[in-house]
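Each of the next two complexes has chain A plus one more chain, namely chain B in the first and chain C in the second.
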Partner chain A sequence: MMKTEIAQFALSLIISPFLFGVVNRTKAIFAGRRGAPFLQLYYDIFKLLKKSAVYSTTTTPVFIAAPIISLGAVIVALSLVPFAGYRSLVSFENDLILFIYMLALSRFFIVIAALDTGSSFEGMGASREVQFAVFAEPALFLSLVALARAAGQMSVSDIFSRSAFSLWSSYGPMVFLVLGAFFIVFLAENSRIPVDDPNTHLELTMIHEVMVLDHGGIDLAYTLYAAAIKFWLLGSLLIGVFFGPQTFGWGIDCVIFVVSMVVLACIVGIVESTFARLRLLKVPHFLIVALALSVVAVILTLR
Partner chain B sequence: MGHWLDFIGVTVLLMNLMALSSSRIKSCVRIVAAQGALIGCIPVIKYFPCVAPVTVIFPLTNIILKGVVFPWLLLRALRAANIRKEVEPIGGYPFSLLMGVAIFVLSYWVISRVSGPGQPASVLNAAVSFATFFTGAYIIVSRMKAITQVIGYLMLENGIYLFGLVYLKEQSLLVEMSILLDIFVAVFVMGIAIFHISREFDHIDTEKLSQLKDIMATGQDL
Partner chain C sequence: MSITLLSLGILIASGCLAFALNRSDRLSGYAGSGGVIIACVCGLLSLVMVFKFSASASLNLPWHVPYGSFSVSIDKLSALFLAVVYILSALSALYGLGYLRHYHGKKNIGSSWLCFNILVAGMATVIIARNAVLFLMAWEMMSISSFFLVLFEGENRQTAHAGLMYLIASGIGTFFLFTVFILLAQNAASFDFAGFGIKGNDPARSAAFICALIGFGTKAGIMPMHVWLPEAHPAAPSHVSALMSAVMIKTGIYGLLRILTFLGMPCPWWGYLLIGIGIITAVLGILFALAQHDLKRLLAYSSIENIGIITIAIGIGVLGVGINNYDLAVIGFCAGVLHVINHAFFKGMLFLSAGSVYYQTGTREIDLLGGLLKKMPVTGVCFLIGSIAICGLPPLNGFISEFLIYLACFRNVSANGVTAVISMSVIVSLALAGAFALACFSKAFGIIFLGQPRSDYCYKACEAGVRMGMPLVFLAAACVISGICAAYIMPFIGSAVSAVAGTPSAEAVEIISSVNSPLIYVAIMGVSFCALIALIALFRGLLLNRRAVEYGPTWDCGYAFPSARMQYTGSSFSQPLIDFFKGILRARKKGARVTGYFPDRLSFETHTDDIFAESIFRPMQAAVHALAGRLAWFQHGRLQSYILYIFIALIILFMWKL
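What follows is the complex of A and B.
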């Protein structure tokens, strides 16, 4: 029984960087370019893993520890989310809270490492990241709480593996609101286009990219991998709402799940190619929409 | 069927929030028009198999008035007054949006406390009707342009109408028709009034309008 869960976990660890390749390829097709190979992020990560990092004299051990802690926190969070409607690797009552805190811990260490460099440029990025997290985090938490209330389960794995699909019939409007909130949070947390632009290195527009600017070599590999896992993690929450308990058998379910993740990555690529980045002052407004949706979703479960 | 009513309720609520967070008056007009039309559809769905004058003519009049005539009048007034954007309200649009959510939470609490005239058909829709009512009132007090206040007034009426739909077993044709007529006249008059005000004073900003005082009445204050 445990075997499938370990296999799912390993599978999501292996596939997650692939989704970035899909996003980039979609963007390239929209721009009329040929685009980087699908496996580009794997090449980058392996190349960087072979290199050693350079540390400035102003940094402290915090800076060295941060990328690995952040990656570790994200992997712990990943072990809590179910895969294709099947139970997650680890699950216990109320692990919802741990899930949210692991994401917060990962963010905290990225931010504190950015501040640790002593560069005002990175401080600016850290400030923006935290400012937007103020809106994105409660939105994610409240959406999960809404699902948890409706499902009567307090563990991420139980919510998604047992009852997420059946909620459509009893709590249809609420699930729609949660989906909306999840999508906005998904774009914001993965620093995608309406909020942040992963391509630019202009100080006016950077949020996530600027914070990891001083990481190099193996640290950068960890950071890139953590970003890829975070993408998978939040994406699988979004997709997980559509997945019920076992339907076609394990193998086919997994294939459907991975294909829908790839479709989600394509949608992100389309959003990135067709939408403009919001002005920084407008970003809180966008995130407050997610917050409003999630609050309304929680209220809808009160009946 | 209750499921569909819930979907409509949530859509109406989202339209409230959209109207609160939008700075373009034109889109506000359209949102409120769509909201009115959507609420007008409820009796049609509710009494679907039964075809009687009350269940067909009245909702149709309602939908046409709120969904077509009012926006047409208001958009004409907008064009005549040559305005496109509302002034930034106090606290900005994100604050307005949060206020909208707070209003919904409050109305849900009120509805769960109040023992109304009988049992509501759907608690959610009852709460949404209250929220729509208060959101309209909030738009009236928080926005500066006269035309946005008319929009708030229309939203307020949408709330009252939805409230009636949720609580009453059947509509009283006479009462509803007279309310509709009142609203129609009000919007008509306001459309004309806004046009004339903007032609006289070059703006329809009510903040500035309130400064118009009679020199004799205020005396040496001026």
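What follows is the complex of A and C.
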């Protein structure tokens, strides 16, 4: 029975960069442009993989190791995330801790690689990244706690394999709040508007993009791919709330799941086109909204 | 047992020898540290017997000290703590041999080694003592020798102040310990631990618990009794601060666990209390760590955070026993003891690497350092491993103990009522502390070891030699191995904590085997993560094969003349968080108001004082001072009146006895 799990895992690895194409196309349509092809990120990654490398003389091997470790960490995290309500590649008791801490490991290395360049721009990005994580991480934890309590389970696969209908019917308002919190954390962790703007590199307000300013070639390809996978795995948690197990058979379920991920990407594109980025000082407040939503969600499960 | 006593003998003898050889700094260094290393190896060998044959050795000799008896014993709980003491002491001693070379001819090396060896002997005796008088004597031996070690550079005003603060704090702590033992010995025939125990619903039980919490908490650094810790740890020489932070404060945790075995069935509110102060200690500890500019002070505050995590775990254990949930109890206590061991490894290593940095550069100011990874690669990589471990990131050992605490909580998330709320608050505060720790240690590692040197202090730095490097490498390896092999040591820990958890040893091992499967999964995931990284790195290597790798300056967005001083500093890195939490941290800022178009000189400084020291202990000290001032008329130096006081006191005593 491992076949489907491996197939799902491979499928997520392959499809994830596609979603960025969807986001960018949505934004282009809103801006009245034709936009880049859907597969643009694949082209970018392949092109970058063909390049040679340029490193700053300031950097140390940490700078080279960081994209590798961060990509490895998100892939391990991906293996813990369920797909369309089906079990993930690996699942065990309490695996959601490993999931969140793998993302934290990836963040740690991106941050120290940014500090490794000695550039004050990247230092700024790194500083903001760790600041916002302080608010986003507890919110993510609490949302998962609320779901875990509702499901009575402690592994990501078990939490999300509960049929969506029974979850919504017995814990409707709670799930609604958790969705809100997830969405905010999803936007923040993937450096999306209104927290961060992925479009511009060189402004003082940037976070993720400015941290990878000095990466090039293969390193940048790894970083971009890691970002795409992270988008996929946090997105699939969000979508996972809607998905129960086996409703129409594996094939159709997978198609529905991927279509919903594309819809999510469209929503992100719409948010990016219609909202402005928040002032940096306001971002913590925005993230605290997520924290507050998840606290209320937890309280709702306590009845 | 005899080997353990022999190792204590070696410690004291070699300490005295080092003191006697005071004329030659080199010889006394060899005598002192060599003695510690030999004694620790002997001690570790004797522990193998305990673990291998589950034989708890004990020895009971009469002693002419009133109420005392020389009664010592090693059970599994003692053995685990002793192992930590021995390993860390041996490594710190080896490191100290190199570190103190710097002070040869300037300081009294022999007496420093004497104190060091007494400190090690004191810690070992505290852990094996089974008589209250012996315990307290060893406890004081440990406190006083470490007080002298803190005063190693006592001519420095700040160091002297730190030492004094430490002495007062440990005095207060010991006072509460006396109370604990007197309460416990109420119904017992002697002060031997064997007869201790308060049964039933005696309020003395709770009183003893509170006193133990204050007394041992002062040593461990539980908030708000931690105020001495961020002063004393940076002031001591680095091998001593490593030993103090990695091991000595853990004797407080050991004491608390030992006392819990005498108190019978704990009330649930003890668990709530422990978890509550644990949460405060963990979150505030790491928040204050983030605000520090001094590397060793940062590490000291991070020790407070980790003590908070350990306290949370023990609180979960106590709560579990209190509500008859032995699953929760055993996992909680195991997580606590495992974190004691893990923290000893990584914090010992971090303090030792901080010592190497200080030794080579002459400053502990984070904002003056930078780019040291190129000059001190071994120290740097060890510090990186320590940082990953202390942030609780997989696959290293810090993750395992936090994972167990989370596991205990998640198993109770679906419970009813208070337990669920407690579990959730533990989960969210651990998450918060973890995120702060990540900020704190990415700052510490990133600013000190990466980027470009920020001042002239860094230019002459190089590796600090084999003696100071070897302990680091050993501890780094320990962090990795104990991270991967956690599932194998859990049964030992399970049977060690069974006495505290009030379950038979076999049952505790059975409960702990229920967490084996997730731990093995974590280990497998850790190994496959490493394999995956290797694969990705290999792929990169294959692609880059025969392609040109060029080097140039960091891309600086078009600005032509970047300098090292334009880099982000530790202060600027942590500024957003510090500002956001200014309500708690109350950082003081000075300077930096820009006026005019071309300001030529600006200075800016921030200081983050400890709020507990400033808002609780300073007023308290002022009050004591004022009260003492009021009583000054009583002590005026006239001998006749003093004799009168004695006379009056005697009469009162006579009357009372009549």
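Definition applied: the second predicted complex is superposed on the first by the 299 of 303 C-alpha atoms of A that agree within 3 Å, B and C clash if a C-alpha of one lies under 4 Å from a C-alpha of the other, contacts with A are read in each partner's own complex, and residues count from 1 in each chain.
One rule holds in what follows: a contact is a pair of C-beta atoms (placed from the backbone, for glycine too) under 8 Å apart; a residue touches a chain by one contact, two chains touch by 3 or more.
Because the structure is predicted, anything quoted here is derived from the model rather than measured.
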item	value
Contacts of A:172 with chain B and chain C, given as first, second, both or neither	first
Which of chain B and chain C A:127 touches, first, second, both or neither	second
Touched partner set for A:284, first chain B, second chain C, both or neither	both
Contacts of A:112 with chain B and chain C, given as first, second, both or neither	second
Partner chain in contact with A:300 - chain B first, chain C second, else both or neither	first
Most chain A residues touched (candidates chain B, chain C)	C
First (chain B), second (chain C), both or neither touched by A:55	second
Which of chain B and chain C A:272 touches, first, second, both or neither	neither
Touching both chain C and chain B, counted on chain A across the two superposed complexes	284, 302
Chain B contact footprint on chain A (complex, rising order)	172-173, 176-177, 284-285, 288-289, 291-292, 295-296, 299-300, 302-303
Contacting residues of chain A [partner chain C, same complex]	49, 51-60, 62, 64-65, 68-69, 71-73, 75-76, 90, 92-95, 97-98, 100-102, 104-105, 107-108, 111-112, 114-124, 126-128, 130-131, 133-134, 137-138, 140-142, 145, 148-149, 152, 154, 202, 213-214, 218-219, 222, 284, 298, 302
Partner chain A, residues of chain C touching it in the complex	370-371, 373-374, 384, 388, 391-394, 399, 402-403, 406-407, 410-411, 413-414, 420-421, 424, 427-428, 431-432, 434-436, 438-439, 442-443, 445-447, 449-452, 515, 517-518, 521-522, 525, 528-529, 532-533, 536-537, 540, 543-544, 547-557, 562, 564, 566-568, 572-577, 580
Contacting residues of chain B [partner chain A, same complex]	3, 6-7, 9-10, 13-14, 17, 21, 93-94, 97-98, 100-101, 104-105, 108, 123-124, 127
